[in-house]
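Once you scroll down, you'll see the structures, which are given as structure tokens.
Next come two complexes built around subunit A: one with subunit B, the other with subunit C.
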Partner chain A sequence: MLVAAGTVLVLAALLPLLSLVTELSATGRAALAVLRGPRPWELFLRSTGLSALVTAGALVVGVPLGVLIARSDLPGRRMLWLLHLFPLFLPPFVLALGWFHLFGRTGLLGTEATARTLFGGAGVFWVLWLAFTPVCTSLVSLSLLGLDASLEEAARLVGTPARVASRILAPAASPAIALSAIVVFALTISELAVPMFLRVDVFPAAVFARLGGIDYAPGEAFALALPLVPLSLLLLFFERRFVGPRSFAVAGLRGMSRDPLPLGPWRPVATLAAWSLGLVSLAPLLVLLVRATRGGGLQELPRWVGRAPWTSLLSGAVAATVIATLGLVLGHAAARRSRGATALDALSMLAFVTPAPILGVGLIAVWNRSWTQAVYASLTILVVGYVARYTVVGVRAVSSVVLQSPLHFEESAAVAGARFSRRLARVVLPLNLRGVIGGWLLAFVFCLRDLETAVLFYPAGREPLTVRLFTLEANGPPSVVAALAVAQVTLTGAVLALGVLALRRSAR
Partner chain B sequence: MNARTLATLLTLALSLLAGCTSRSREVVVYTSVDQVVSEPILRDFEKQSGLTVRAVFDTEETKSTGVLNRLVAEAAHPQADVFWSGDPVRPFVLIKRGLVAPYESPNASGIPSSFRASDGSWTGFAARVRVLLVNKNRVPASELPYSIRDLADPRWKGATAIANPLFGTTTMHVAALFATWGDEQGRAFLKSLKDNQARIASSNGEVKRLVASGEVAFGVADTDDAQEALSEHAPIEVVFPDQDGIGTLVMPTTVSLMRGSPHPEGGKKLIDFLLRPEVERRLAGTAAHVPLRSDVQTPPGVKRAGDFKAMQVDYSRVADEMERMQPWLKGWVGL
Partner chain C sequence: MTAAIALEHVSLSFGAGPVLDDLSLEVEPGELLALLGPSGSGKTSVLRLVLGFLAPATGAVRLNGETVTLDGRIIRPPEERGVGMVFQDLALWPHLTVAGNLEFGLASRGLPRSDRSGRIRDMLSRVGLEARARRYPGELSGGERQRVAIARALVLEPRAVLLDEPLSNLDAPLRRELMVLLFQLLKERRVPGLYVTHDIREGASLGDRIAVLESGRIVQEGSLDRLRTAPATAFVRGVMEDLP
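Entry: the complex of A and B
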């Protein structure tokens, strides 16, 4: 089974990248010449710097907020978590659009100064920081909710709540903190649409430009993306070193069953700060709703939305199912350190951090053949693209829960003669069902929010909602574009709500 | 849910996905014309022909080159039947690669011969024009710029804008200037733009925004951008540049039939539809496109091709120029 899952991942992710290596070797020095000028390196440094800043900002706010949400007596902390988390599941481009309608020159609170700030490095940082901070908050919260209660209870007998938080909770959450840093860095460095929208040149945009210029040069684009390879390897090393086999929790594994740590006199300040952040995260969505309603965009929506929501849902659901299945096999293998699992895990991570346009061109090269038209000319190509890019989500979600489940059940089944596939279906899956469903849900919303991967190869007339939003954004009526963004938000919200219901049912 | 149920569901879903492959009653069009303009026209074609149109639209940032490159990338197995280009030079990239099939539409007869290929490889219609958008609050009427060269006038240092010449109609504009002036003058002009700290915007739409907001005094964009700015009540004056010199660049939208396309008959029907005078009239009304036919009515404020001095250019030569100058242009942009 590991071989079958590995083959699917290789077909989806490795072949497209290899096809570009071939292209690179065909064009040779000419392609590599693209790296000789100072500009690509300047952009690379800028993107790396931006990613580091967003990561640092997300950690500074996300870690304490995660502790507050998981272990303090902050009022309404579950609701706050939901509010704060939701924007993470939306395309950051939608959030940028909301901020534009708020702080752009013609926005609700817009002035010359706010527009200047928004359309620049500060604006990109602001949008991405708010979009990705929930990664840190949530991973830290989940890891603390999964912490062995006895450790904390023992500490509380002898220490103050602040000391418990700094000496017990924070170190216990360190793998989650490290993982969240990696995820935020990877998401930021591969982000294309927000910097493009806010007119800031970044490295992925330069790669995209290489594919969008008049002389189609995929070899050059791949050469341009080469500096990302050592960066990806560095991320992998960092992840292996600081996260690796350590366990941390994922969605909904444990309840908030212990007494919360009292905030004491800090409670009002902490409440104000935390809730302000939660409400600020929602601001762009509310503004989009206002803009869509005021300009008649919602009435016009049926005329412009087409079949895009259906395309997003169908391709996303199928891709998420494939990803969850791969996640079950590969995630289990990674957690149990099976042979070959590390390489496949690394491949899934590499495909995630590789600029999406590169992957897209590789997918066209591999799949647009006479005998693969059933794939390339249909929605299946979207599924292939999503599987290539987001398998890492399923793998990580499942491996983290498998790490927490006892090995002896599987060993007993093996001793009783159950084959690997049977053990996986009858022991591993039921034991980790919530983790697998969580992985499926996460993969689904990642597919729903995808823009960069699909925009290059979506089948004609079958564009996902994010692509329709992006192609209409520049010249479409602003209220209609806002209404499409509201549709994207609603779709994501509905999927999440159904997913959470499924998770609750699986807990019974 | 057991493994068998999961497998059944997956098979069903995959059948649904694969069921979305090409069918005979449809036509596939790739277009770099703004989606907000082109999609309603394609929908009308669907209603009239009974064919389903499947379209791929461009994003603003890679306008005119995103779908073009996709057509090149898909050359081995073309997916598109028709390329509806926002300008007249991109089709030559495809023609040179042998990706276009000749088709002389009966509806092309009213279009001047300078705006269509004699072999039917491309046919132009409703055109955009490169104009100067001037912010009236920043530039008094007595000081209006009148030439494209004014972008490099030191008087306007740091106060002008042009879109990235690697994309969109700006590529064609720069190539047309190189073809008209020659390499030396063309390069000197672009260098003087940099020296004059002209803003390099990501798209014509951004140039429009920069001028409308007064961040720059004036910039060069297309007539449809000008119309958008005017409809948003921006303080904009539109100048057709170089009327006493080389003339203003006219860029017809064009249609080409793709070689080896999956639905050639449907493609021909779509081309016939797009080349009707009603479509030119409609594009004049909705997007301020300039009709190439002299007898097409235009709304107030929209000119016809014969109403101003047009730059005399050979689109094929401009296309050659565009490809030839790419390496230098990338260096100029900084990539």
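Entry: the complex of A and C
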């Protein structure tokens, strides 16, 4: 079973990465010449610099906010977490669009000065920082909620709440902090739509332009993807070194039953700061709703939206189901340290931290052939792409819950005569159902929000909603584009609500 | 006579030090051997070797004469060994009812549904839990859970049963009651057993014979009298002095 799951992952994720090598030998030196000029390297430095800045900003705010949400007496912290987290599940492009309708020249609060600030590096940083800070907040919170209560209680006997937070909680969450830094960096460097929309040239845009834009030159796109390869290997190295199997407790939702750490005199200030951030995150979504309603975009929506929502839902649901199945097998194997599982876990992480243009270009190289058109020209290619990029979500969600589940349950099933498949289906799956559902839901939402991977290879006429939104933005009526963004938000909210209901039912 | 369980010159190490060092041990058919030893002596590792969850670097494990593990190679996986086990933490599957916990192994071994329900009913009635068949482990008392774990191990009619300090978390009266039940069940079915404990009283009450494990080696084995009259090590002397 592990071999079968591993084969699927290798086909989906490793083959595209390896194919870059063969493609480069085919395209030859002419394509590589694109790297001799200074421009690609300027863009490369800009992209890595921007990613580093966004990562630093997300850590500075996300880590303390994560501690506050998980372990302090901040009022309404559960609701605050939801508000703050929700934008993470949306394509950042939707948020950029919202900020444009607020601070763009024609926006609700827009002036020349606000528009100039928004359309530039500061605007890109602002949008991506707000979009990705919840990664840090949530991973730190989940990690602290999964922490053994006795460790914290022992510290509280001898230390002040601030000392407990800084000397016990933060170090205990250090693998989650490291992972969040890697994830934010990887998401930022893959981001294509926000910089393009806000008129900032970045490296992924240069790759994208050579695959579908006016600079069409696929050989050069392969060459341009090269500098990103060492970067993704570096990210994988950091993940192995500082995170490894101590990964995020996605489904380790143990609740907030312990006594929270009192904030004391800092409570009003912390409350104001945290809630301000939560509400600011939602501002662009409210503005989009206003813009869509006022301009009649919502009424026009059915004419413009086409099959895009169904494409998103269908491809996302199928991919999430494949990811959850792979996650069950690979995540269980990783948690139980089965032979080969570490390598497969590393491969799934590599595919996630690899900047989307590399993976996208690799998928095109593998599947855009005359005899694979059944895959490449259909929704299957979206499923393959999502599985390649997001399998790690399912793997880590399952492995984090399996790690918390006693090995004796499985051993007693083996002693009772159950073979591996039966143990997996009758013991591991039911006992870790929340992790599997949590992994499925997260994977589904990640597929729904994906733009940067899908935009490179979506089949003609079958674009997902994110791509539809991105392509219509350039020449569609603004209110309709805002309505499409509202549709994306609604779709994501509905999927999340149903998923949370399913998680609650599975907890009974 | 062929031993029901035999470990022959078994050596096992984790990281730096050896866990088991050239250990040999036999449990005869129908015999209940108490394996006594301090914490960290390697008792649980012995059980995991017999079950097939661990393979020794060298040595062999045989069940009724059949070699199931040899020199680091697991020849028969755990699910094919036909050995029952009562875990220290019981490891009752929380998502299955009492009957479901017993039924799981029977179904895994391909028993027809009609045979399964009969065997489950008989076993539950023998341990006094017939009325609890549809309850979940979380709805039972500590003693009832213990009975389910014992019933789950025995309903499979195993060729041997391993018990890893299954009574260690119970109060004294309940422990005594369950020791009697366990002893009766094993003897009436003539199932050989290996009972791991660090409590000499439990070992002496249940075991036909006692083997003492220290630092990965069997330092003494025999009857309680023999251990009492000629203790081989300071540890054995110490535990004997604890006995009334």
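Convention: the second predicted complex is superposed on the first by the 465 of 508 C-alpha atoms of A that agree within 3 Å, B and C clash if a C-alpha of one lies under 4 Å from a C-alpha of the other, contacts with A are read in each partner's own complex, and residues count from 1 in each chain.
Heads up, the rule we're going with is that a residue touches a chain if its C-beta (ideal position, glycine included) is under 8 Å from a C-beta of that chain, and two chains touch if they have at least 3 such contacts.
All values derive from a computational prediction rather than experimental measurement.
When both complexes are overlaid on chain A, the residue A:Val427 reaches subunit C alone and has no touch with subunit B. Contacts of A:Pro87 after superposition: neither subunit B nor subunit C is touched.
By the touch criterion stated above, A:Asn475 is placed in contact with subunit B alone, subunit C being left untouched. In the superposed model, A:Gly62 makes contact with neither subunit B nor subunit C. In the overlay built on the shared chain, the residue A:Arg369 is in contact with subunit B alone; subunit C does not reach it. When subunit B and subunit C are set side by side, the one touching more residues of subunit A is B. Of the two partner chains, subunit B is the only one touched by A:Pro40; subunit C is not. Remark: subunit B residues 2-3, 6, 9-10, 13-14, 16-22, 28-30, 34-37, 52-62, 65-66, 68-70, 72-74, 76-77, 79-80, 90, 93, 164, 166-167, 171, 201-203, 205-206, 213, 224, 228, 322-323, 326, 330-331, 334-335 touch subunit A in the complex. Of all residues in subunit A, only 406, 408-409, 411-419, 422, 426-427, 430-431 touch subunit C in the complex they form. Within the complex formed with subunit B, the residues of subunit A that make contact are 34, 37, 39-40, 105, 112, 115, 196, 199, 205-206, 208-216, 218, 314-315, 317-318, 321-322, 325, 361, 364-365, 368-370, 373-380, 383, 425, 455-463, 470-477.
The touching residues of subunit C, counted against subunit A in their complex, run 51, 53, 77-85, 87, 89, 91, 93-95, 104-105, 108-109, 152, 156.
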